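Should a chain be cited, it is by its letter among A, B, C and D, assigned in written order, with residues numbered from 1 in that chain.
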Amino acid sequence: MENLFWFLTSFVALLFIIGLYALLATRNLLRILIGMEILTKGVTLLLIAAGFLAGRQNAMQPIVITMIVVEVVIIAVAAGIVIASYRNNKTISVRALRNLKG
Amino acid sequence: MSTENLMLLAIFLPIVLAVVPLALVKKNALAAGAVAIAASFANLVVVCLAYGKDAALTLPWAGWFFEFTLRNYQFSSFILAAAALFGALLSVYNTVFLKDKAYGWLFHAYFLLTLGFVNGAILADNLLLLLFFWEGLLGLMFGMIYLGHRDAYRTATKAVIIAGVTDLCMMFGIGLAVHLAETATMSQMKVPMEGLGGLAFVLLVIGAISKAGSMPFHTWIPDAATDAPMPFLPFVPAALEKLLGIYLLARVTLDFFKLDGGHWGSMLLMVVGALTINLAVAMALIQKDYKRLLSYHAISQVGYMILGIGTCTPVGVVGGLFHMLNHTIYKCCLFLTSGSVERQAGTTDLRKIGGLGRKMPVTFVLFIIAAAAIAGFPGTNGFFSKELVYDGALERHWIFYAAAVLGSFLTAASFLKLGHAAYLDKGRGDASKVKEAPAAMLVPGIVLAALCLAFGAGNAFPLHNFIQPVLGDALHGHDYSGFHFKLVLVGGSVAALLLAFANHYFGAKSKGSGLAAVDHIHYAPGLHQIYDAAEKRFFDPYDWARNVGKAVAYVGFGIDRAIDFFFNKVVVFVAGGISGTIRALHNGSHATYLAWTLAGLVIVIVACMAGRL
Amino acid sequence: MITLYIALPLAVVLLLNLSPRRTANALSLWCGLVLTVFAGAYTLAMPHVPGLADAFDPANRVLQWKIEAGNLAGVMFLSIALVVFSAFWVGRYLIADSNRRFIFNNLLLLCMTGMNGIVLSNDLFTLYVFLEVVAASSFILIALERTNAGLEGAFKYVLLSAVATVLVLSSMALIFVLVGSLDYGTVKAVLTSGQLDAATSRFVTFAIGLFVVGLFIKGGMVPFHGWLPDAYSSAPTASSVLLGGIVTKAAGVFTLIQLAQNVFGWDKPSPVLLAVGTLSIAVGAFAALGQRNFKRMLAYSSISQIGYIIIGLGAANEVAVVGAILHLFNHSTFKTLLFVNSAAVEKQAGTVDMDKLGGLANKMPVTGFTSVLAMLSTAGVPPLSGFWSKLLIVLGVWLSGAHAVAVTAILLSVVTLAYFLSMQRRVFFGRLAPGLEGVKEAGGWLLVPEIVLAVITLGLGLTMPWFFNTFLVPLRSLWSL
Amino acid sequence: MLSLGTILLILLVLMVLSALWAVMATDLLRSTIALALTSVFLAIAIYMMGAPLAAVFELSVCAGLITVVFISAISMIKPEGNTRKEDLARKRRKRLKKYIPLPILLAVAGVLLWLNRVDLPFTPDADVFPLTLSEIMWDVRRVDIAGQAVMILVGVFGIVVLFKEFVRRGKGGEE
């Protein structure tokens, strides 16, 4: 059980690292969104693993489903922001979104 | 009406009536003034009815040391009565002075609010309640200074910042004292004077003496003298703040901590007192503005009170409290004369006025009486209280006595200069159209000047009725009224006065002949002239004395500016630097913010795992 | 009937969108106002009328919602209703386009639903869902005008909020492994059972740490605050009112208080909270000192004020926590008031750059006066309400033994006073700035929230003892000490 | 027959690799595809861990809907500062066509998975939770469902606000 837990969480950790890398290092707004998606994937895996390990997948499934729906809305809104920014600035570089300082 | 209700009335009557000027549809200063007069006289009646009665009142309040506890007894009712008296006199004066001012109605509202808050602070028997009223006064002070003119906010801000910092000290002091005494009720407060108790003492004293306007928390007062509306000066710095500050100081030293003469706390107070006397008066000596000069004296005289209370001898304490009362009377009167001059002559700049004595004879007489009182001319009230303070100081160490006498000398010199310049000199400016001030502005001054003389000649009355009952048994049956001082003391004071006269006479003569109208000592020059004076006639006794005075003035000026520099520049620079750094760190990049977040996450998690959550 | 807090706004939104567009545009404002007033009145009536505080349960399991409310919830409901009420007025005043205003009003109602849901939720995952509702509607509210700045602020918020979500959900997963449920009561029973072995309690601490950091991000605490100044200052001012007034408090701070007491069962001072709170107070205050933009200064000031709430919570004794809750309410009133003032200034003077403003007090007396009131309350000047809450917080922190924190908090409130004085001087007092001669007082629409909020700030301060005994003392029972 | 552990290992490794690809790929479209692939692998893993309903959601919503969102976003964005702009656009359009079958394939795979539910070689601890899935979903988690509804409403408003082109109108209300 313990081993399985660490086995699964190590993959979750890998996904988190990849996602955070995307958030931190890329300049492309859409790729930042992809990073956010990957983070969400990690969370999904972690939740399912938790349900699996606790033996309560029945209780966990509705949670994951709701979470997926909620995250889709978030991503859609975020994509809307990126598109609107692109319409304003004609670029999807994150440089367009670093003017507020101080 | 029971005394309990009278106490409540004293607090809430002015505060409630203050709403009237605020609610006036047409902002008429005269109508607001009428309300102010009515309210202040009603207040006077109320506090007179409550005078000297013992009463306590506790209303259910928040709990945890927060209790709405009021206490009326000899000391508080005396301070209350004094404050109410000045409030009543000033309300009359203000009404005339502010008649045509656009902000008049607002000032009257502030005036009444201040009166109510002061009554609250005096009657409070709970330290936290006291703090409540105390802080409320801070806001009112800001409001009143702010009314002066369009750039007065600078001064108002400075005043609030200085007072705010010292009030913070006082808050800590109160916190410590409440912690140590395990009660916030002032009448039950007993704090030991060692360890943290000492710190609490110092912090509370800082709060009290800064309210009274002592050095080094004084720098806003002279600025307020130039910027604030004139009626603010006799009301707040000269009267109420002295009463309140010295009241708290006396409560702290005599009640809470039971300070005795051998303690370092007493020495501290005396040193502060002596320094305040001399440094402030030295600054006063070189001022060229009527109000500003007076305001430095308002600082200087606090020194006598602190010195007197700091001696911890019955005679010194009686002297200090008596001096507080007297100072309020004559300084109020002096500020009123300055107000009359400002209103009639249009300015208080001594370089632009002169020869007003003939045009404004009543004002001049009032000035002479009050100035004699502040200088300690025998027979006036100031003389008696100063003698008592000298007596106490001499009992402790001759050096404090010497400092006090030196201050007395400089006080006399500066008032000779002021009187000469404003009322006797001829020719500067156009004085031909100046008339005597209206009667309503003179009456309060006349009352006060009469009090100066009355409390001098009949000093038994205030001492027996107001001051000595405060100390009660601590006096061991002594009576300090009448005229029974040691000859040495009186001789010293008289000598100081004579010296001041001589100094003034020779100064006026030697300089006055050369220049058109002015005797030069009144216009104590800027810094370069100090060096000029040092070059020539160094051994001339007169110049020598003058140079000593100037040197003291110079040092005082330096200290004054240094404190000013600290508040104006260092604080601003440090805060600005921190602020700039923080702002530079917010570079707008999402990656930076994300990196902070992750770093914070790691730190918090590490801290949690280390059991620090 | 406590279900109404969620059901009613949702129903209103649905009905508005089903009715013809023209009617709906006109109706949305009034529906919203009536709803918020109703919510406020309902909350005030709740302690006195039996039955109001019950969940909706007509003996039928299917309609039994799993939610509950307490006294703390009452304070939050009141703040939420108050701020949303003000935001409606500001929106009516500032947003010219009627379609956009319709969307704004709908989003306000949805956001209100989300915040009420946060207050009511009794389950960690439900909490998460409503947190996301609030976050998503905030993103849209920030980006409503689609200006560059607004999009930038929204984007940063989206980004950091995503990280917060990940942390919160991961923490939930870890708790679920251990407990097998996310219900507050069940989780608390396991976490505070005292039967966890060393390894398991380290595991639990780790999970709680993740959760707390997630909430720190939502609440905008330093150093997790990067999004907050940008989002607040760049949002349309009508949205800033909502964001600055309540969103971070409901999403971050209230949640933290709720969880600390209902789930984590903290009962001793927490150095982490104290440190983060103190850092927030300091950084927020000093950053606010150097701002030129009125709204940005208010945003930093929010960070600083929330720091006070957090140290109150960190002290974990009843004095401090009651102070923190009171400060939560106070902050939502006076910060909303300040944002409403900034809306008035923005509309009337056309800018919120403080270097271009000045001397507006004579032109806009009500706005000037109420802003002075709000500022003094924020800085903690008696007898305004802000003084009492700060006093309780500092007192509680001192009693908890964190003397240095208490002293720092007091010292930094001087900085608060300093930056607000500088703000007052640059915006309302001083010399009238060139070009502002024709400025008039804001229209009647805006004076309503200004006066209501100012009266609350002043009235609460003056009637503190009564308020304290009626509302706050009962709160103590929440904190089992 | 592979054990559950081995299958999971393979799936998760593939998932991480495709996630890495999604982040590293220079072409945005490829990134999106890789992301969808990640979702597919994750969905299968979820399925293997005894959560078939969640797997279907992951597949249809994440792999399907989000990919659609991303691809429509990419299609709105013209290639930046390029001389051969139209050329490239045409190429993109061609490529887009190439990827159209992908969501369909994913959907088919999902349906197949749903229909041929294979019995797990390794059963986790018996589900000790006393309620059935639908009971939990509609009773215990009822508030969450309401929250989802609110969320979707928010999303609708978000799309109306953010995606809609600026409209020029005669009355001059909007720019």
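Keep in mind that, in the parts below, a contact is a pair of C-beta atoms (placed from the backbone, for glycine too) under 8 Å apart; a residue touches a chain by one contact, two chains touch by 3 or more.
Owing to the predicted nature of the structure, the values given are computational and were not obtained by experimental measurement.
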Chain located farthest away, centre of chain C as origin (C-alpha): B
Which of B-C and C-D has more C-beta pairs touching across its chains: B-C
Inter-centroid spacing, chain C versus chain B (mean Cα positions, whole Å): 44
Whole-Å gap between the CA centroids of chain B and chain D: 75
Approximate Å spacing (C-alpha centroids) for the pair chain C, chain D: 34
Rounded Å distance, chain A centre to chain C centre (Cα mean): 26
Residue numbers of chain B (touch at least two other chains): 583, 586, 588, 590, 594
Touching two or more other chains - residues of chain A: 19, 23, 32, 40, 49, 51, 53, 55-56, 59-60, 63, 66, 70, 73, 77, 80-82, 84, 87, 97-100, 102
Multi-chain contact sites of chain C, meaning residues that touch two or more partners: 125, 129, 132, 136, 139-140, 143, 146, 155-156, 159, 163, 180, 229-230, 290-291
Listing of all chain pairs that touch each other, if any do: A-B, A-C, A-D, B-C, C-D
Contact footprint of chain B on chain C as seen in their complex: 155-156, 159-160, 163, 167, 202, 205-206, 208-210, 212-213, 216-217, 223-224, 226-227, 229-230, 266, 270-272, 275-276, 283, 286-287, 289-291, 319, 376, 381-383, 387, 395, 398, 407, 410-411, 414-415, 417-418, 421, 425, 429-431, 464-465, 468-469
Residue numbers on chain A that touch chain C, as the complex places them: 5, 12, 16, 19, 23, 29, 32, 36, 39-40, 42-43, 46-47, 49-51, 53-56, 59-60, 63, 66-67, 70-71, 73-74, 77-78, 80-82, 84-85, 87-89, 96-100, 102
Chain A residues within the chain B interface of the complex: 20, 23-25, 32, 94, 97-102
Complex contacts: residues of chain B adjacent to chain A: 583-584, 586-591, 594-595, 598
Residues of chain B that touch chain C when the two form their complex: 60-62, 64, 66, 68, 131-132, 135-136, 138-139, 146, 150, 153, 157, 160-161, 164-165, 168, 171-172, 175, 575-576, 578-580, 582-583, 586, 588, 590, 592-594, 596-597, 599-601, 604-605, 607-609, 611-613
